[in-house]
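In what comes next, chain A is part of two complexes: it sits with chain B in the first one and with chain C in the second one.
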Partner chain A sequence: MFALVHLVPGDPVRLALGTRFSQESYDALRERSGLDQPLVEQFFTWFGRALTGDLGVSFRSGETVTSQIAERLPATLTLAFASILVALVIAIPLGTVSALRPRSIVDRVATVISQFGISVPDFWMGIVLILVFAGTLGWLPSGGYVPISEDPGAWLQRLLMPALVTGVVSGSVITRFVRSSMLEALGSDHVRTAQAKGLPTRQVFTWHVLRNALLPLVTVTGVQLAYLLSGVVVVEIVFSWPGLGQLALQAVQARDYPVLQGAILLFAVVFLVINLVVDLLYTAIDPRIRR
Partner chain B sequence: MTAGEPVLEVEDLRVRLRTPRGPADVVNGLSYTVGAGETVAVVGESGSGKSVSVLALLGLLPARVATVTGRALLQGEDLLTMAPDRLRQVRGAGAGMVFQDPMTSLNPVLTIGRQLVEGIRAHGDVSKADARSRAAELLREVGLPDPEGALDRYPHELSGGMRQRVVIAIALSNSPSLLIADEATTALDVTVQAQIIDLIEGLQDEHGTGVIWITHDLGVVAGIADRVLVMYGGRCVEDGTVDDVLERPAHPYTRGLLGSLPDLAAPVGPDGEVPELTAIPGLPPPPTDLPQGCVFWPRCPVRADPRCETEQPPLAVVSRAPAGGPAGATASGAYTGDGAGLPHRAATWCTEGVDGGSRG
Partner chain C sequence: MRTTRLLSLGAVGALSLSACSGGGESVDTGGGGGGGGGGDNVLVAAVSAQPDQFDPHVTSAYPSFQVLENVYDTLVVPNAEDLTMEPSLATDWEVSEDGLTWTFTLREGVTFHDGSEFDAADVVYSYNRIIDEELNNAYRFTTVENVEAVDPQTVEITVSQPTPNLPALIGAFKGMSILPEGAAEEYDLTTEAVGTGPFTLENSDASSTELATYQDYWGGAPSIDGVEFRYITEPAAALTALQNGEVQWTDNIPPQQIESLEGDGAVELATTPSVDYWYMAMNHAREPFGNPLVRQAIATAVDRGAVTEAARFGAAQPNQTAIPEDSFYHYDYAPFEPSVEEAQALLAEAGVQTPITMGLMVTDEFPETVTAAQVIASQLEPIGIEVDVQTVDFATWLDRQSQGDFDAFMLGWLGNVDPFDFYHAQHITDGSSNYQGYSNPQVDELLTQASTETDEDTRKGLYDQAAQLIVDDVSYLYLYNPDVVQAWAPGLSGYEIRADKAINFEGVELP
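For the complex of A and B:
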């Protein structure tokens, strides 16, 4: 990962200094940021510091990487969790309805909707929403981010559209999973046993179908959440949402190695943590994995 | 052994399934009765419509694809025209069902106790504690070691045989008058099979339950059944007492089935080689495209009558039971249930070579 970041052509020092600079200031900055050292040495220096929580200093702004990430994190967390909420609210009912009546009109409509969600580019959906709700109707601001602690109303207004866009995309993926895992659960032998026992339909559904269909749902939701937490770059740019995706993009453009490495490290940690949480949830809901 | 009051009377049961390859006639006019305390074995190859015919009785086929017609009276009430809510009450309380694969027929994420208790509580106003002690009692009755402890265990912690005992306990938890065992021992190894059969026979004697035992294992049939119904292509091709059907099979298909059993008493060749099993060549007809005449005609080695190919043979009496006395068969072929003189019937034009009786 470290090597890959450095393989990207372009000189960060040159980019940081702008178009007019002297050879002296170039050398000075290069030395200060440690870029004159051999790559392997640079790596171990960075890695050693990262272990102590010091991710270095941004080439561009001169702030510490940790403070830059900390500044962006609330916006990203807000958007990611709001999107996953939207996604589940769409996916669970839609997937269930299609599984209950496979190949019916409802199922076909649900399939078309989720295909639409998967295939339509998110920036396009974002722009359309902005044109309609911020432009024509003027109901919502077209972008930006306000912390909830400052103004909950403004926070919600600005969150709605980006959360809807990413939520629809993730929700479409999850819908397909809900449908297939629900279909599998519906057709399983133990559901027939439950029916043969004479249980009421609702009880069969909640305890024998839904309960078992939940297992794969936890996995996809985890994957989608990890993806959302790593920053949805395009949507963040469309809605000028100051999240980690934007930060990473700016870091790439400026060859701001410390910020980029810090962001990538964070994404990796996010993936690991979410995987761990998914595994723990699995043990909670599936007794076969316990012990 | 003797059958009491009929528990279940099935008349002209037909099941048509909608499939991508067109309508499939899976069950075509099946009629039989099961008396209290009686065991009726339904035998046939995979795809002969055995399982579908019983799932149809309890409305367990998906309504979107299955059309079920005919009559099925469970203690006088027609299961096929029953209101859905009444049918739900009858499932479990009127008729219990044991399925083929104990590995998949229990819910893996719920405890054994929960799965028993919910069945008990679905059919009566029973407190959780009472249902739980009833559940433990049932598990003891089906011979599960440490019944109280088993209540808190999950299906994967038990062996296949133990799981099947649990499934039987669930099926019997509301003392149904009819027990349907759909290939209940097929997935188990032979010694466990024998235990499960003993268990069901014992419980049946105790409670006077009528049993429909679906199997393709003729060894099991000989051991457990009072009466046998041989199914092929969704039709009953032969029925009668166990002795009649297994000793004096009248239908070429039944003879084929019996011929494909290994005969351990057969002489072994000089090099110790075992005589080859005679398999019935070919496959059962697809239910989307049943033959016009006798369903077995395409595979039949006899084909002694020109009508075989063109005309469906009716299910006709082959012989009276050796017990003598007036035959229990009425004109419509329905069994009147007085025990003695069960008719031996077969649907075939070819009755030559059947020992023990001829037609007419």
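For the complex of A and C:
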């Protein structure tokens, strides 16, 4: 990962200096930022510090990487969990209904909606929402972020539109999984047996269909959540949402290696943790896995 | 918390001011507490990006300078009308007969935001910091040999050769700001600011940067209580925020909407030609572009009007030289008339077998270059030049430029004030910005002579001659000077749009 980040062409020193500078200024800044050291040495310095929780200092801002990430983490967590909530609220009813009545009108409408959510570009959806709800109707602010501790009302107002956009996109993906795993569960032998022995439909559905269909749902929700937690750059930009995606993008553009490495490290940890949580949930949902 | 207290202090100041003038708007000072960020009398400005940091001597980012412009001062400052230098922290300056000694008389009664007095030692400290540490702008001091405090109110700068543009070099932008002596050791200048300007830096996070009025500002405290710079990257969102009153000022306007905004009563739109210029350059070390005839053919085939229309939706002035029309140093010279036949004749004269391919390197960091390149590609096709538009990110672009790995590229030079900025390093043989590899002994001589010429009219004459040769040889293929486009809430007063894109909120009064 370290090598990859450094292998990308582009010189952070030249980017930091702008267009007019002297060779002396270039050399001085290169030395100050430690980029004149051999790559292997840079790696071990970075790695040694990272083990103690010190991710270094940003080339661009001179601030520590940990403080930059910590500053943006609340906004990212807020948006990611709100979006997953929106996604599940959309996906579970929609997926279930279309699985219960495959090829019906309801199913077709649900398919069209989820196709729409997947294929419409999120920046376009975001701008349309801004123009309608902030512009024409004037109901919501056009963007920004206010911590919930400061003003819960303002926090919610600003969260609605970005959470809706990312929620619709993730929800559309999840809907399809819900539908297919429900269909599979509905067609399985044990469900037929349950129906045959005369269990009420409701009971068949909750105990025999839903529980079995939950496994793939948890997996895909975990993947979506990990994706949302690593920052949704486009939506963050459209709604001026100060999340990790924007930070990572700026770091890539400025070749700000310390920030980029810190962000990638964090994303890797997020994936590991979510995978672990998903695995633990498996055992809770399906007792067979415990053995 | 600190923000709130300072803001309400500011509000008291504003109240007493409006009481004197017998009118004005009432300001709510009561209540205590108050929500975070933005009071009634705080200007909220939407800017497109977050400042990278606040050390004026280190940053090169425009979003940082938008803020720093209101926090720091320089010895002299470009005047809003024609960008000639006028007094700021220096009230007066003179140059010796031989042109080698500059004496600056400093303003009295100026204090920094930390309360310390401003004097000559601070100037010496600030300039020596840039020179000794080889910071970004050290190149501006190439001819400077010594900076000395003669007495607390006088600074003497000695130069190795006459440097007529010294005031422009030390005053053109806030990268040459004056810090209090020892500031870099005492403060973390990347996050703190200790200037002498009209506003103090209070707080900056991933959403906005907040400034408060500095009551002891030497120019008289601003009547607003502060400024909040809010980062809104998406132009459509910034414009919506202005239209529904969330912000009162923005420079982030969707270019395609400029025309329709001109009749919009909810928005005050202002445009002025900027001192920036955009150009295309060809690699003289690569055949056939080393041949001036080929470059002239391309310059003849390009229709600048169409390029401008596509890249900027018309919000720019086509120009065949670098310096815009409003400037004293503008040189009215436009030898190329778009013509396919003439271009083909020039290529034939050069003995070039068409079709040929030309890689044109542009960067998505500046989307207008991508659009312009596509238009140029379509204009060169009829003369048998197939343009391969190569869009890369800026870091890669800069790498390839410095390695000479290009047939042609497109970019702009921004924030030019003196003709030296416009022409010197770009066109003198082996100049630090002469990536295209241009070399013309006549141009070298004219540029060298002009760089030390102290008489303005003679200096302009020299730059005019140099410009003519540069244009004829197509060292750069100049395209246009973009307009500065800004918009604010109707009724906002005391703000002046400037050709150098300096954003100064000192005199602003809210509607």
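Going forward, the second predicted complex is superposed on the first by the 283 of 291 C-alpha atoms of A that agree within 3 Å, B and C clash if a C-alpha of one lies under 4 Å from a C-alpha of the other, contacts with A are read in each partner's own complex, and residues count from 1 in each chain.
As a convention for this text, a residue touches a chain if its C-beta (ideal position, glycine included) is under 8 Å from a C-beta of that chain, and two chains touch if they have at least 3 such contacts.
The shown structure was predicted, so the numbers you read here are calculated from the model rather than taken from an experiment.
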Return fit or clash for chain B versus chain C, each positioned on chain A through the superposition. fit
Check the residue A:S240 against both partner chains and state whether it touches chain B (first), chain C (second), both, or neither. second
With both structures superposed, pick whichever of chain B and chain C touches the larger number of chain A residues. C
Between chain B (first) and chain C (second), which does A:R288 come into contact with in this model arrangement: first, second, both, or neither? first
Of the partners chain B and chain C, which touch A:L35 in the superposed model: first, second, both, neither? neither
Is A:R255 in contact with chain B, with chain C, with both, or with neither (first, second, both, neither)? second
Where does A:Y145 make contact in the superposed view: on chain B (first), on chain C (second), on both, or on neither? second
Check whether A:H208 is in contact with chain B, with chain C, with both or with neither, and answer first, second, both or neither. first
Which of chain B and chain C A:R192 touches, first, second, both or neither: first
Who does A:P200 touch here: chain B (first), chain C (second), both, or neither? first
Between chain B and chain C, report the minimum C-alpha distance in the superposition, expressed in whole angstrom. 47
Common interface residues of chain A - those touching chain B in one complex and chain C in the other: none
Which part of chain B faces chain A closely enough to touch in the complex? 55, 58, 60, 64, 88-93, 96-97, 99, 101, 104-111, 118-119, 122-123, 154, 156, 167, 170-171, 173-174
Name, in rising order, each residue of chain C that touches chain A in their complex. 35-36, 50, 52-53, 55, 58, 60-61, 133-136, 138-139, 142, 188, 190-191, 205-207, 230-234, 236-238, 240-241, 243-244, 246, 365, 393-396, 398-399, 402, 413-414, 425, 432-433
Within the complex, chain C is touched by chain A residues 8-12, 14-25, 27-29, 60-63, 71-72, 75, 123, 126-127, 130-131, 134-135, 138, 141-145, 150-151, 237-240, 242, 246-247, 250, 253-255
Which part of chain A faces chain B closely enough to touch in the complex? 101, 188-190, 192-201, 203, 207-208, 211-212, 285-288
